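The first chain written gets the first letter, and so on, giving A, B, C, D, E and F; residue counts start at 1 in each chain.
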Amino acid sequence: MDPTTAPLSGAVDARNTSHFIASGQTALPMDSMGRFWSGENVFSSGNLKLDLLHNFFLECGARANKMRVYEMVDDPTARTMVGYLLVRGGLHVVAYAKALEVLTGVDVKKLLPIPDLSNDAFPEAKKFMENKMHLKLYTFSQDDYTQAGIIWNGDHPETGEPLEVIKGAIPGHTPPDLDEEPQLNAPGADDIDPQMFADIARKLGVKM
Amino acid sequence: MDPTTAPLSGAVDARNTSHFIASGQTALPMDSMGRFWSGENVFSSGNLKLDLLHNFFLECGARANKMRVYEMVDDPTARTMVGYLLVRGGLHVVAYAKALEVLTGVDVKKLLPIPDLSNDAFPEAKKFMENKMHLKLYTFSQDDYTQAGIIWNGDHPETGEPLEVIKGAIPGHTPPDLDEEPQLNAPGADDIDPQMFADIARKLGVKM
Amino acid sequence: MDPTTAPLSGAVDARNTSHFIASGQTALPMDSMGRFWSGENVFSSGNLKLDLLHNFFLECGARANKMRVYEMVDDPTARTMVGYLLVRGGLHVVAYAKALEVLTGVDVKKLLPIPDLSNDAFPEAKKFMENKMHLKLYTFSQDDYTQAGIIWNGDHPETGEPLEVIKGAIPGHTPPDLDEEPQLNAPGADDIDPQMFADIARKLGVKM
Amino acid sequence: MDPTTAPLSGAVDARNTSHFIASGQTALPMDSMGRFWSGENVFSSGNLKLDLLHNFFLECGARANKMRVYEMVDDPTARTMVGYLLVRGGLHVVAYAKALEVLTGVDVKKLLPIPDLSNDAFPEAKKFMENKMHLKLYTFSQDDYTQAGIIWNGDHPETGEPLEVIKGAIPGHTPPDLDEEPQLNAPGADDIDPQMFADIARKLGVKM
Amino acid sequence: MDPTTAPLSGAVDARNTSHFIASGQTALPMDSMGRFWSGENVFSSGNLKLDLLHNFFLECGARANKMRVYEMVDDPTARTMVGYLLVRGGLHVVAYAKALEVLTGVDVKKLLPIPDLSNDAFPEAKKFMENKMHLKLYTFSQDDYTQAGIIWNGDHPETGEPLEVIKGAIPGHTPPDLDEEPQLNAPGADDIDPQMFADIARKLGVKM
Amino acid sequence: MDPTTAPLSGAVDARNTSHFIASGQTALPMDSMGRFWSGENVFSSGNLKLDLLHNFFLECGARANKMRVYEMVDDPTARTMVGYLLVRGGLHVVAYAKALEVLTGVDVKKLLPIPDLSNDAFPEAKKFMENKMHLKLYTFSQDDYTQAGIIWNGDHPETGEPLEVIKGAIPGHTPPDLDEEPQLNAPGADDIDPQMFADIARKLGVKM
């Protein structure tokens, strides 16, 4: 690609230039102002209740911020992503509230709305709820977290549907084979030679 | 408020998205690039002259930056705020210069303009000077800083008007009762129930 | 003071050298590892309940850390300071819990101990409780926060004594006139000339 | 535990006080000087060769630092942990070198020692090599990274033993049930009531 | 200049406001997101090969980023500056590759393109190459780095022209005398009084 | 070197572990608490007087800190280094004071001691003054800063000796050839093969 055509000229006015200058137009662990994620965010006090209280607060705060981001964007992909996060983050709010309730007897859920737990206003979130994504707690392991059902049981506080612990990870999608992006110095197939890969794979009996 | 109308769409192109995503459209302690205030800014060396020299320098630098911000904005509220800061910050420049002069005999004020101390070019600042805001040093306490007059006395170096130490704080204004902002998850009156507050207050004899 | 006697040699092995190198052996806004306070700590979401939940969590976490610091030190001054902070921080835990309870009806206090709210194990804290320091919420103003009694009323959840709102600030102490510290370049009285101050003060009628 | 016995007094002189004040004597994501991990460490340029070169460099640098840490400690647990990291990190050095070799034909391994790849000097590392830990590349998934064998094949450049791709994760160990640590506000069993857990688990048919 | 005309109004929408508020419209050591340079970027491991590998990686990454910046801008001055950096940074890539080759025998250059080393696509870079700027390694000293020729010798790997070590610094240009910028509080000549300078200079025999 | 002898065991209790883990026991750009230098330290306002005032303040503050460091150490090398910095930093204090005086007519030097400018108490500094190091301002260039004499002329305010501008840099010392440090992965001569260097140098006619 001819660089003198300024193929990345749109990036000059982008909110976050790092996504264009330092990465291949993909995500880096920073916020919308370019501030990097920091290990200071990790809270691990050695006191189970305190850690749960922290996480309950954190998920409530994250939910408030997600709502605002939803209200900023109208791109369908952005809204679908935020809708997904609202559903899964809402599940986390409920999970920490239930854990605190089991440990203390306090009906923490009544503290809500901090902000409102309902996703009724977010059509993209509602679609994920039709797929029961607000009910399923995944263990992300075949062997660990087998006792999650001690906390995650009963009905969802808002919809009344039964909560469910799922062994393993959320079924994912095959990541797309992205096109060559010469303007990002991201070489395409002929640079890496798929035939060479195929040859090695065949010799090794590796299934591609 | 219906979030699918993207009521915060204007924030996507805002200079500082944090004011929309992380706060209720109010101020957070960060600069225009989203860099947070840091305790590194505190200078306390144990040497009085050195601390005064630091503060004198700091106020001069802040004044230069305020002038530039004034020249960037034409919103009347923004200009009024900067005008106020120019007047009060200018007072601080003079105060530190006088303190250094008392301690050392050096006529530090002659170092000015670093930048120009005059507010003649800033109409909004001039209005505050008509109210003598450039002359009044507040103690922000009924009992402390009683000796401030040892430094803050004589006439203002630019206008020749008499300097004045005022016991207590600058008279403020009643903060406004902000409207509900549902797009910011900022609940309004019916969420917090003013009647409930009034009832408790009446029982307690609290004046509201 | 003769610097070749290495009068600050003890500071080489001090946990925090900044207190000796950069300040006059006094406090700077940093933690025990020399990390400065940051404006990122400010949480102001625009949602009252969320802010209160944050502060409730924060005070619980701070209390846990204070307890651990108490267990690290045996210096009487350090213990007295931590004891004071345990009493006043414990008051803040109760205050935020009561505020959340008024807004939501949830008995947030039952979440405790996160960690234990009792100061029985800390003799220095108990002394401050004998002075009712765990019961008094100060407004730190003559005119503001007049409605604090709507939240801060009734009895202390642990001791059963009546809670009290106090208009104004905690009575302080006269700060000591520190000695000259030549090893810290902190000049003493003859550098600043008290007679000169006295003369100016007399002329101005300033009471010293 | 009686806090007036200063049960954490040893922490006053600890290198990193955060592990005692802010966490339950466990690990937080910071280095030995208390500097937190930052997202700035993530390198994702959109150019595969450049990313591999970064990772090759990174693993070489990490290996140098691990060697130095080994030379600082003589605690058997610390040495075993560093020995494990030397073996696994050494495997990563080889993996990135092989990937670059496949893509470019350059025998990157010849750049070594940067530093020396041999673990002969580290008895604890040698034990892990007897268990073939330097040969096994894990996919940490049942379904992903099926093509890892295209890179990870042939013999180990130092020992000549055959390299092996293992589907799934490294077999772990059951995490220990840590004792109550009252000096860390880490409540023990009677605070969380194992009987309550057991009852809920039995009702739910959860295996504990 | 009359500040009420908002002479800096363009800066409100500038990517980086610091260049207008905190500096005189010149450069500060920060990136396009306002993140300051940090000493963390310094890599000095005590191991020569590791340091060279770091620098080789660093220059390759910097080259990728420069290419992207070139593709973002179409201002001739910006492109000329980036073109210059591409040529000189490309020289550094080759220099570190050659140093590693001498030390290890590995033909590191074959790792390229990471990204492509050719400047053919960048007309502004080509102009600097016509001046042999891709061939000349400067010692920036009359006396130091006399052995640089041990590494920097032979022909350029892309153009085949002979490499050259130049004793001393790149010939520079006389920095321009910038105009007064009253909107930036940058005083002009009459504030500093050139006559006064000339008088002192004459008395001292200083050549101006 | 056998790592199981823990040859770096002394570093476990070192103030700054980075110098052992991340570097070859040499210096990295960080302070005694491991905080890295930051570009935030650069002050360049576009206003010459303001920049000079900043630098004058900065040098005064640095001098105070150097004095304290001197008082912390008794190692002769450390004291010699601090003594050198006291002399050269004191020269900078005078230089900025003189520049401000020329521009404003204010006798800034009278602000001193902030702290005391005298080096009489520091024997190691006195030795450097015997070599006139407090009088010589270097241009660090053959061609630039030719007008420095406009500011740097007359006599030293403390000793009365004549100030002198020196074209070029301070005469340095040949950096020592450090021994191999295997415990730091710092390879020695046989790894880099001096004969190979000598051969290349001879062929190239490079003088070593």
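Here is the rule we use: a residue touches a chain if its C-beta (ideal position, glycine included) is under 8 Å from a C-beta of that chain, and two chains touch if they have at least 3 such contacts.
Here the structure is a predicted model, which means the values were calculated and not measured.
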Next item on the list: Compute the centre of every chain as the mean of its C-alpha atoms, then state which one is farthest from the centre of chain F.
Entry: A
Next item on the list: Would you mind working out whether chain C and chain D touch using mostly the same residue numbers, over half shared, or mostly different ones?
Entry: different
Note to self: Can you work out the whole-Å distance between the CA centroids of chain B and chain C?
What the structure shows: 25
Margin query: Nearest whole angstrom, what separates the Cα centre of chain B from the Cα centre of chain E?
Written below: 40
Margin query: Suppose each chain is reduced to the average of its Cα coordinates; what separation in Å results between chain C and chain E?
Written below: 49
Item checked: Shared interface positions of chain A, touching two or more other chains -> 22, 33-34, 40, 45, 47, 49-50, 64, 113, 115, 184-185, 187
Check: Line, ring, star, complete or other: which one describes how these chains touch?
Finding: other
Next item on the list: Would you please name all pairs of chains that touch?
Entry: A-B, A-C, A-D, A-E, B-C, B-E, B-F, C-D, C-F, D-E, D-F, E-F
Item checked: In the complex, chain D residues that touch chain C -> 2-4, 6-9, 11-13, 16-18, 20-22, 33-34, 183-185, 187
Margin query: Quick check: in the complex, which residue numbers of chain B touch chain E?
Written below: 15, 31-35, 64-65, 67-74, 113, 115-116, 121-123
Next item on the list: Show which residues of chain E lie in contact with chain D when the two form their complex.
Entry: 40, 43, 45, 47, 49-50, 53-54, 56-57, 60-61, 64, 100, 104-108, 110-111, 113-115
Next item on the list: Within their complex, state which residues of chain B touch chain C.
Entry: 22-26, 28-30, 36-40, 42, 44-50, 102-103, 146-147, 149-150, 153, 181, 184-187, 192, 196-197, 200-201, 204, 206-208
